[in-house]
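Let me begin by presenting the structure, written as structure tokens, before commenting on it.
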Amino acid sequence: MSALLLLPTVDPAEPLLDAASPLWLTLLKSVAVFGITMTLVPLLVLAERRVSAWMQYRVGPNRVGIGGSLQPMADLVKMLFKEELKPDGVPAFLFTAAPAIAAITALSMMAVVPFGGTLEIAGRSIPLVVADVDIGVLAVLALSSIGVYGITLGGWASNSKYSLLGGLRSSAQMISYELTLGIALLSVLVAASGPEFGSFKLSELIARQAESGIWNCFKLPLGFVLFTIAAFAETNRLPFDLPEAEPELVGGYHTEYSSMRFGLFFLGEYAAMVAGSAVIVCLFLGGWHFPYLTKEVAVGWGGALTQVAVFLAKVLAFLFFFIHVRWTLPRLRYDQLMNFGWKWMLPLSLLNLLFAGIGAALGWF
Amino acid sequence: MLSETTAFLLFSAIALVGAVNVVTRRNPVHAALWLVGAFLGVAGLFLTLGAGLLGAIQVMVYAGAIMVLFLFVILLLNLDTTPFEGLSIARGASLLATAATVALIAFPFARARELRAAAVPDEPELPATAGNIASILFHQYALPFEVVSLLLLIAMVGAIHLARRPRRDEPT
Amino acid sequence: MVPQAWYLLLSALLFGLGIAGFVARRNTLVMFMSVELMLNAANVVFLAAARDHVPARGSACALFVIAVAAAEVAVGLALVLALFRLRKSVQADEVRELRA
Amino acid sequence: MNLVAGLLLILPLAMAALLGLFGKRLHGKTPGLLAFGMAATCFGLAVAAFLHLRGLPEEARFVEASFWRWLDLGSGDQRLALDVGVWLDPLSVTWALFVTGVGSLIFLYSISYMEHEEGAWRYFSYLCLFLFSMLILVLGENLVLTFLGWEGVGLCSYLLIGFDYGKEVAARAGRKAFVVNRIGDVGFLIGMFWTWKLYGTLGHGEMKPIMAAVTAVPPLLALGYFVGACGKSAQLPLFVWLPDAMAGPTPVSALIHAATMVTAGIYLVLRLSPLFVAAEWALDVVAWTGAATALFAGLIALRQRDIKRVLAYSTVSQLGYMFLACGLGAFGAAAFHVITHAFFKALLFLGAGAVIHALHGEQDLWKMGGLKHHLPKTARAMTAGAFALAGIFPFAGFFSKDEILGVAFAQGYAGDPSRYVLWGMGVLTAALTAFYTARMMTLCFGGTSRVDPHLHPHEAPAPMAIALQVLMVASIVGGAALGFEALHWMPLHHWIDPVLAAPPHPTHLPPALNWGLMALAMMIAVLAWRIGAKWYGGDFAPARQAELTAPRFAKLLQGRFFVDELYALLIVRPLRFVAELCLEFDRRVVDGLFRGAGSFSALLSTTVRLAQNGVVHAYAFWMVVGAVLLLTLALA
Amino acid sequence: MNDLLLAGVILGPLAAALLLALWPKLAPEPARLLTLLITVATFVASLPLLATDAAGGMTRELDVPWIAALGIRFHLGVDGISAPLVVLTTLLMPLVVLASYGHVHDRVRQYCVLLLAMEAGMVGVFAALDLVLFYVFFEMSLIPLYLLVGVYGGARRTYAALKFVLFTVAGSLLLLLGILYVMHATGSADFAALRRATLSVREQAWLFAAFAAAFCVKVPLVPFHTWLPDAHVEAPTGGSVILAGVTLKMGTYGLLRFCLPLFPAASIEHAPLLLALAVVGILYGALLAWAQSDLKKIIAYSSVSHLGFVVLGLFSLQSSAATGATLQMINHGLSTGALFLLIGMIYERAHTRQLADFGGLARTMPRFAVCLVFATLSSIGLPGLNGFVGEFLILIGTWRDHPLAASLASLGVLLGAIYMLGLVKGLLFGPVGHPKTATWRDLTLREMATLAPLFALMIAIGFAPQPLLSRIEPAVERMLERPRLALEASLAPTAMPSVDEGAPPHDRAPGERR
């Protein structure tokens, strides 16, 4: 029997994570990323209410702080101190776990997004990304598919027909569009890698775009459009926000939720928006690269800051686009939504993939 | 700190606990969720084994798609919790059988593998990167690949046909 | 380098639990889940074995297993759905008509 | 000469075929006349052959003519070459002579006898076929042809006995005759096989030198032939068919069951006499069987009511005498008795036929009597035949029978006491013969008439009368003409003995003793005749008296020793029981076995079906168990 | 040197069968007439086959590769043994068709198709010289007969047909196994090659058992005979005639053609057993026949008895006995064929087969009476007719080596007389049995025409068997060549010089026989 219980031999040469980024540096970076996203989300909420008001020729929240700037803080306080309502006959653990899953998956997507190039300080080059995992893009996809659980369980756990139907509908929608998302992403990968397969890493993609100078959105315009629409669907944003649409399903899956649990769902949704736009920026809009401003090589503080600034500018622009779309396009009925997803988006994305494939083979990119 | 052994122990613990609960939970939804846990544990194991792509696919396909399907079915049918069947003789016998299977599989494998572990790998080191997997998939296993694709098509058609709600004019 | 034997032992345990679930449980859905467990155990073995030889090939095989599992679940659940529609329950032992 | 022989065979066959196919269209007497014409020509041919052979020197006195090669198989010593051909030699010509001679007379007789029968053409066609068979039996070149004739005559007797379809009795008697003959034939067959095995040939010509040279012959071989002879010539174990054969028309009885067919057995024994001599104790068996049959049949004849049955049993008895003669080695005497017997027995049968014809089918002696006034000529003829049968001096029977007794006594005198017993049995049978012949004659012709009143018997028509007259003359003259041993006038012996085997132990009686014996025999015959006539002449008082003294013996005789019932009990019924048993065994066991196999598989399938009980878990469980077993197997 | 006559005789009827099968609109009567013409044409075509090779070799050979991969050849050929049997088959066929006018009135076209297919199958069996081809024809001839009995038969026809098939197929499966093994062991399925191939004694024992099993069921030898009476009772007249006339001969032909020459050592070893079975068959069959009350069953059991004689002849390993046995196969075909035709005729009139119901037919149906008596005499082996020649040769040959068996067998001749004459007496003589006897018409011209050829042949073979025997004997001797050598070797192992098994069988120059 002794032969059986072989003790595992520790092999120092092959640590799990590469030595270049010691644990504390990763923690630091993750705190930084978390901090940026957490600040962006309430601003986003405020921005959305202000922009939508501006678009509808009304004022929007301007009471709290100067011109409503502290409105997010007010919302936050509301969320925290409102009474936690829990309908009876509800599986307690799942009821609370569902919004948490939604929020966690959305936030953890950011870990993979590269904010900038590599920062060269004190002899240590620090890639400005939390975890540049070599299956980077796939992680995004994986997390988005886990996100579905949050909504589904949320719908089921609140023990009411509306929320159940809402939950199921939204998850069905997210799964359908996830397909298009994946294929569009694939086309980008194919285009980026050329005849020989490159890698899944976002930083690699950005480098490729910087190298050729042309952003992917120009190389694969159809891919860019499809990816954005799919992103909208993934985050249940307006044209596709039927599940929690007030008139039909009374708030969809988060009808029964109140205060902080609702807050988490809310956070999840907006964090997903931020992450979605960040990924789009990296894939199609050249990430932190700007034709003349940024340089690929490792840069000092100045260069890094410009890279991060460029990246954030692009993300904010895209977020504005998100909000803009919400208050312009009418809501899609559920069957239209599903039809559009399966009978239009999917074939087009396959076409795009074909185009990307041919292009990569012939070396257009 | 986060060396491979600890990762292995952590993930296998998750997987095992998940698996046990899947089998023992009376409420199918809980069972499903524990299964998701088990899948994530196994995905982790894949990572420790260096197969990153598999880990992602495992999460995407198993946890993301298959389990959602399960949840759909469970939720749509809103099954109530099944009363836990007592440990009848059949149950006992079956457990005994499983124990036997486990012992049989584990024991020789462990021994056999160790003996052959030393054997020189017959092919050049092929790390499980997406590129290598893809090349194997499309060169050596081209036929199985096509067959599986056909299988998936058939499964789709079959599933649709079976689960289709019969239209009014059709007999149920 | 965790020795392969441990992976195999783990997969054996998973497989055993899968069988236990499959054989012992009445509910068809749980039986399906246990089958998934078994398939996962198989995947683990694939990769564990491949790690010391040709890692890529292990993954390729695991991929096939996953594909097949997906197909199987699709059809299986469709059947369960049809069964439920017919019998209003998914207890395996209530469906005994298919008998010689 | 071949032509003569060929014709002898072809003519009867052709006539039989002719009558068989076109007989229906010929009416009245024509079929009979045609048949008689053919028979007469055959007789002429036989005489021609006889004369031709007399012309030849003694040792070359044979003619062999083979027409076509019937069978030729094997090579070297296992060669089996048989031709269809003729073998004429004194023995076969003698037989041919009296067969065709008596035969043509009976054909003549049958013309008028069968005049009113509607199937007459069929009758004559069978008779011609019979004549062909008898001739080929006698003239056949090898034993197989003899066997062909042997079965042919059996067949014809079957057809002729069963001639009158309607009568169930006739049908059964025919079948009985054929079957019993067939038992004999089996013996004949086995004999033939054995001969071929030992001597490699069956042809008479080829066997002659071999038989002459051979010293030790397995007795069973000879007995095989003897069984065949017993079957055909109705000896003790196999005689039961002859009395029943009387169910056939009377001329048939006369021709087949008195003159010709029954003598075939003797012919066979004579033809193979050297074999019998060489087979140590075979001849003794023949002798004793002959004597026993003679005595046995004689006893039964005493109390028979039917005139034809009396004659039938007397035939069996006389045949017994012939076999006794063969057994004693006096083959010539046997032949002599055969010929004389043919004459007077044919005469008696035809006479009886005339009587029955006159009484419109009445055969019971107790319903006859006083017929000598109505049928004077028939009565005279039958009396001559009766005297010949009884062995009274001038008549034929006396000489041949006496010769046989003489040989018996001589051998006893020469030192073998058992021969004396045989002689004693012979003498006793002679006495019995005389007695029952007298009884028959007086019951039939003498005494008061017990005939049915509105029957007025009339004399037999011309053809029948002629036949009777010729035979009467033959019965009277025949004996002395062919051989008066005491006077050393033995033309028949000189003619036939060279062909036959020399008697094993030749004896010679001093003339005085010879004459003494003849006188004794004569005296016994006359005495027995007078007693018989007296007993049955008047009011049967003495007969009834005798019955009272030995009632059980009388009933035994009356019931014919219950031989038929005995056979039925010992052979027929057990055989049928075995057959039934086999049938039951066959249906139940053999068939059951196979049907059982069928039901067993059905049983098997029901048990296996139980495993499919529809419970998914059971299937799962058994799958696992199977996997476990496989694994242990693989790993062990 | 391929000769197409044999192929013609086989494929002719087969093609005709197909033609008829695919011609639904053909009315019954023309179909029957067409079949009659075809069968007669086939008979005429098969006559030249009788000119067999004096040395006993194969004539009219057709050797064409059939399944080249397995080395199986479409190899046909006829010698002294199979030529007469083929001609017997082609002779019986037109008679069966002629007889069908009496009792087959519905589905006539299918009846003809079955007959033609069966004829092709049976001729194929006798002409095949390749083991696999033989097996194919062996099975092919089985199916139409099954349908014939199963569709056109009497009350329990399905039971009888199924039983018949199960028995035969069970046997022939063993045969197939045997053939496969032989092909595996010797590498070829061709008869000529196999006759020279040497197999170990143990192999031969097993193979002999397998081959003999299939053929004994077909013969049928006693333990396997229970299917025969059922099949006959339920079969239509035509079916019975063919079943008795030819199908049974396939068993004995198989024994002679395959068991004896291919497995000589095993043949001698098993000879006593088979002789015993044969003798039992003769006596047991005769006894059963006597205890029967159904006409057809009597004849069926008589067939068991007669074929017992044939097997006796074959396994006495005597050339004259084996020749007699082959002749007896043909005689039995003629006499039993005639008897079944006659019973069919009486059945068409009386619609009952119980012997007890009949009686006194001779008066009202004289022609029927004459024919029945004639056929009976031939069947019980009256000298002068064909039956006797066969039985005589068998018994005289067997007597040389097995006197006891031969004498017991000759008892069979006696029993034969008993039950057959019982049959004849029951039918023809005695008081009138069946009330409607008077109404029955005597044999019509057609019925007489059916019987005439059979009776003619009976007389011809009875009086002059030599032309036929001279053809059969050399072929039979060639078959018995190896078993006899093995027998002599086993009897006197030391004296005999080492026998070169492989030497081609030396032909006995015809001259040498004189």
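Remarks
Labels A, B, C, D and E are assigned to the chains in the order they are written; within every chain, residues are numbered from 1.
In this text, a contact is a pair of C-beta atoms (placed from the backbone, for glycine too) under 8 Å apart; a residue touches a chain by one contact, two chains touch by 3 or more.
Fair warning: this is a prediction, and the values are worked out from it, not measured in the lab.
Here the chain-to-chain distance from chain A to chain E, counted in touching steps, is 3. The minimal number of chain-to-chain contact steps leading from chain C to chain E is 2. Inter-chain contacts peak for the pair B-C, counting C-beta pairs in contact.
Chain centres defined as mean CA positions place E nearest to the mean of all protein CA atoms.
Of all chains, A has its CA centroid at the greatest distance from the CA centroid of chain D. If each chain is reduced to the centroid of its CA atoms, chain A and chain C end up 32 Å from each other. Chain C and chain D have centres, each the mean of its CA atoms, that are 98 Å apart. Chain geometry summary: the mean Cα position of chain A and that of chain D are 127 Å apart.
Centre-to-centre separation between chain D and chain E, using Cα means, comes to 38 Å.
Within chain E, no positions touching two or more other chains are listed.
Multi-chain contact residues of chain C, defined as those touching 2 or more other chains: 1-3, 5-6, 19, 23, 26. Touching two or more other chains at once are residues 617, 620-621, 624 of chain D. The part of chain C that touches chain D in the complex is made up of residues 19, 22-23, 26, 28, 31, 92-93, 95-100. Interface residues of chain D facing chain C in the complex, by the touch rule stated above, are 609-617, 620-621, 624. If you check the complex, the residues on chain A that touch chain B are 3-4, 6, 8, 10-11, 14-17, 23, 91, 94, 133-135, 138-139, 141-142, 145-146, 148-149, 152-153, 156, 164, 167-168, 171-172, 175, 178, 197, 199-200.
Listed in rising order, the residues of chain D touching chain E in the complex are 68-75, 78-80, 84, 144, 147-148, 150-152, 155, 158-159, 162, 165-166, 168, 170-172, 174-175, 178-179, 182-183, 185-186, 189-190, 192-194, 196-197, 575-576, 578-580, 582-583, 586-587, 590-591, 594, 598. Taken together, the chain B residues at the contact with chain A in this complex read 1-5, 7-8, 29, 33, 36, 48, 52-53, 55-57, 59-60, 63-65, 67-68, 71-72, 75-76, 107, 110-111, 114, 129-131, 134.
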